[in-house]
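All remarks here apply to the structure that follows.
Which chain is which? They are A, B, C and D, in the order written, and residues in each are numbered from 1.
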Amino acid sequence: MLVVMQQGATEEQIQNVIDRLVELDFDVHRSTGVMHTVLGGVGGRADFDLAIFEVMEGVKEAHRIISPYKLASRVFRPAGTTVAIRDVAIGGQQIVVMAGPAVAESRDQIEECAAVVSKAGAKILRGGTSPLLRDAADRHGLLVIAEVEDLTQVPLVSEFADILMVASRNMQNFSLLCELGKQSKPVLLKRGMAATIEELLLSAERILAGGNYNVILCERGIRTFETYTAATMDISAIPVVKKLSHLPIIADPSHGTGRRDKVPAMARAAVAAGADGLLIEVHPDPDHAQSDGAQSLRPEQFAELMEQLRIIAPAVGRTL
Amino acid sequence: MLVVMQQGATEEQIQNVIDRLVELDFDVHRSTGVMHTVLGGVGGRADFDLAIFEVMEGVKEAHRIISPYKLASRVFRPAGTTVAIRDVAIGGQQIVVMAGPAVAESRDQIEECAAVVSKAGAKILRGGTSPLLRDAADRHGLLVIAEVEDLTQVPLVSEFADILMVASRNMQNFSLLCELGKQSKPVLLKRGMAATIEELLLSAERILAGGNYNVILCERGIRTFETYTAATMDISAIPVVKKLSHLPIIADPSHGTGRRDKVPAMARAAVAAGADGLLIEVHPDPDHAQSDGAQSLRPEQFAELMEQLRIIAPAVGRTL
Amino acid sequence: MLVVMQQGATEEQIQNVIDRLVELDFDVHRSTGVMHTVLGGVGGRADFDLAIFEVMEGVKEAHRIISPYKLASRVFRPAGTTVAIRDVAIGGQQIVVMAGPAVAESRDQIEECAAVVSKAGAKILRGGTSPLLRDAADRHGLLVIAEVEDLTQVPLVSEFADILMVASRNMQNFSLLCELGKQSKPVLLKRGMAATIEELLLSAERILAGGNYNVILCERGIRTFETYTAATMDISAIPVVKKLSHLPIIADPSHGTGRRDKVPAMARAAVAAGADGLLIEVHPDPDHAQSDGAQSLRPEQFAELMEQLRIIAPAVGRTL
Amino acid sequence: MLVVMQQGATEEQIQNVIDRLVELDFDVHRSTGVMHTVLGGVGGRADFDLAIFEVMEGVKEAHRIISPYKLASRVFRPAGTTVAIRDVAIGGQQIVVMAGPAVAESRDQIEECAAVVSKAGAKILRGGTSPLLRDAADRHGLLVIAEVEDLTQVPLVSEFADILMVASRNMQNFSLLCELGKQSKPVLLKRGMAATIEELLLSAERILAGGNYNVILCERGIRTFETYTAATMDISAIPVVKKLSHLPIIADPSHGTGRRDKVPAMARAAVAAGADGLLIEVHPDPDHAQSDGAQSLRPEQFAELMEQLRIIAPAVGRTL
């Protein structure tokens, strides 16, 4: 904790800040410079609001030195986390692709999707929240990822899914995150459209704090002024997260672009930037999909993309 | 529904778009220009995804003509909606101020807050989700607004609160919105930090669609590249919402700035821009508040602000 | 200058940072905490790049303690700057309104504009870069503000204008800023659409550094994801600049909204938030204006707005 | 040109819009629907402001059908443009890498840089605006790219450089763009930090309109709320530009990230997404660089990156 006082801050103002630091159990070190006095706080509580200091009289700026997240930080597990489920390891040497329709519409459709994505090399089947996913996945040697939309859905979805997915708009649904912290199944946590990387890690921290260490992060685009695409994929978040955290991170180019013709380029970019995997929407007939048709790849496009990714993977020391 | 074809689009591409429009029950009008063919669709389903057309071969752009929200649009109630609770009318001639602490910390604290804000002219008491609010409010002739964090909290909070508040991070918690649509109590819906004005109205539409027409919107700042303030208050959203929708809109300068010393300026700005009310955090001792201390006004600051607002209100034909 | 080392940073990494600080003429104070070592640098050069430290091995974060701007900071002139031109003082007790068309189209048009805005209470005439402005302004007791688009235009525009305006897209045209620093005429510097408040002040610093202390800042909207308006006016920049800098700040709601029907609300908001003045586009026949017609007020709308502003001004201790 | 009238728009309002369209030389087609009247305008002037219609009474929305840029659009040259300079072709089958220091600091430094980047496979030398670049480039079989900061610098820089570069902050410096349109040397135009893809193409249009068709676009990051990186590289702009325009597009991961350790990941991502080339800062001793040291690669990092790019290129059907 560092508080930089304004030039000309009075002794009383400085003392007020010191008192406030002491109230929060910090040991205070004072350094008086020619222009600015700097107060360093050591120890102290972690759960305070930095802005408290920023609005005090005579304060120029305040900085938190210790990251607001601990369990999610790289320091906690320097070697990195691998989320292993049966024979699939997310965060390991192999890039893991999760694919399927936005929604499992029928037994036939999901069966066809499972066949297609499995053949092309995907390891995990997606398809909304439907139990239909389980059988289709099993028949094709796939795992299942399914969305939990609120805390009441956790028990049911946990019964049939291997990974529980938190959508972007729920990244700060704290009731849901708290519930997921109590589960043993891995959680895929998508970055919110207005969330900084730090906020993504803070949301992950809530799940880890509950005891569930199997968290996979997912970059899926942030909201910017550019409206040509549905969102702007922050590809640089991939190397940034790799530095800040030990958790695996994958990318979702389907939601990240909103348009089928941009998905392959962004999937390749994410892998080239070091992503641990991809989450991609694939539909046998996207023009008539119930949901997300415009951003779903056709089966042949998906197969072609997987071939391109196989070429790229060795550039980052990976396989697919 | 308008689809503009690219220059040089083939007859087959045009026909494919026509077929797709017909599948969605549109009557199609074709207009062949020198450079572009334009297809207009009339009637048709409302629940389709515009992007479906944007990714079709030969399509340049597609526009939805009819707003994706109906019940929330100004056309639906040209005269505007007034949300009336006992003797308070939000959206009427009087500007309504809701004030109090972030959290009701104790019986004494909330009692002191209620006394302070009531005396200065506030009509509604805020203070998190605590039932403690009720007694304090009643003693000072105030109504109560309280937050519902997820759908499971709705029954309990409805018991003691007059207005149910949906926080910014829950603006697209559809399970919660659906539940609130079934209630009779008014709902205050805060704009998400990454939500466009249209998305705010679409979330309101979900509540209205359930039959609850007492919805109050709230601008509380959006996320931008400027980090000096906690968020950038989009004051222009106030006149924009007034044009697009019949629903009342208020502003929350406490969350919108995150800093006590910026709250009065933004509260004045919101009223001057035509807001129907304000939601402001006030705490008897903000330096020791459990939450949001940096953005809570001191009682004397709040009283001074109310005096300034009384000067401004007539400029927009209102009273306070 | 503060450098926070990562947890577990090696002694060699720490020494490398110390060496780099010494190279830049800093006196270094080392503070070894349980988790983090913090290095404070005092004295030292001002013109270094903070990122140099951020990318060094073992560094967690680096903070510049002393503002990167000096002449523009509030500390430099705590009482604030008033830019006085003849009988007009910008930054004083009176709110100063600058108004007129986007472009002076003809002698008649600019004459009519000057008459209209002068009668309603404006003090300064705007209208692009045309020398036609001078005569019209003089006849109606107005000053002239005119744009300089690049450094080659400075001599000519200086001949007839009282204030030289730098448009938003030129905020970081350093050749132009450098030239303006050598002038004696006041400069109005508009914030760029992607510029932080700090960057605005850094651009002002370049003019001040040349010896021209008569700089007026202008908030005109930043680019955000909200596309309903042409830009999102950052009204909170007004109180923020007032705290950080001694320079006057005005607002331009015409470019800030891009739409005539939103201009009055935002003009009122800016004044209520403490702006020192306004820059507003007014045209006798906006539907047929050569430029910016959609955002130009009609004469009667401008007169009505001025009446509203006269009601609001006393709320912030000002007159109009 | 399409104007959608509001539900309930009066016949007079509709007629006013028709009159305005006719004034702008449009042939008007009226389509009266159950809910909305739509007016289509064909022919007509290109240089009108869409907002003029958006603010008219009774108008719901207005859409420009024909792109505001013509020469820069893909339709103009469906096969794409290749900018050829001696034996280098930008936009062709080979990915072209431009590399070197931010600034040519001395004859020795630029000589060393040229040797390093040439050996690793770069084709073009960068290094600010210094004529020192020419000799070093020639000795190592490289071309030269150099920045022009304002219109007065064009003649001098044209004497020694093969490509003239417009920095991000000058993307809308129209005086400069106009001057560059008159040159025969190729121009590299960087996207502004707040510029949409459409605005980038509109700036390119200004150069093309002057008769200089050798324009290369460059994505270098846009400004978003995420501050961990200096900018957020919009990698999706690469496939988007490829669809909208015939001009080549390269990426600048040095300015796009601001940090050396993120440059390789983003360089790989850009190539995987289909970029025609890269612009990368390389310095023999970045810790002591005069400028941009934190974002400059060390020689061995650059060589390693080039090896990775050679693996990726075939995935997009290219060579390096």
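Note that a residue touches a chain if its C-beta (ideal position, glycine included) is under 8 Å from a C-beta of that chain, and two chains touch if they have at least 3 such contacts.
On a predicted model such as this, the values are computed, not experimentally measured, just so you know.
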Checklist outcome for this item: Between chain B and chain C the C-alpha superposition rotation, given in steps of 5 degrees, amounts to 180
Item to check | Which of B-D and A-B has more C-beta pairs touching across its chains | outcome: A-B
Checklist entry - What's the chain with its C-alpha centre farthest out from chain B? => result D
Checklist entry - From the C-alpha centre of chain B to that of chain C, how far is it in Å? => result 30
Next on the checklist: So the centre of each chain is just the mean of its C-alpha atoms; given that, what is the distance between chain B and chain D in Å?
Outcome noted: 38
Checklist entry - In whole angstrom, how far does the Cα centroid of chain A sit from the Cα centroid of chain B? => result 27
Next on the checklist: Where in chain A do residues touch at least two different other chains?
Outcome noted: 194, 222-225, 227, 261
Checklist entry - Which part of chain D faces chain B closely enough to touch in the complex? => result 2, 4, 6-8, 29, 31, 33-36, 38, 40, 42-43, 60-61, 63, 65-66, 75, 223-225, 227
Item to check | In the complex, chain C residues that touch chain D | outcome: 20, 49, 51-52, 54-56, 149-152, 169-170, 172-176, 192-194, 222-223, 230, 258-261, 287, 291-295
Checklist outcome for this item: The chain B residues in contact with chain C across the complex are 194, 196-198, 222, 224-229, 232-240, 243, 256-257, 261-262, 265-266, 268-274, 308-309, 311-312, 314-316
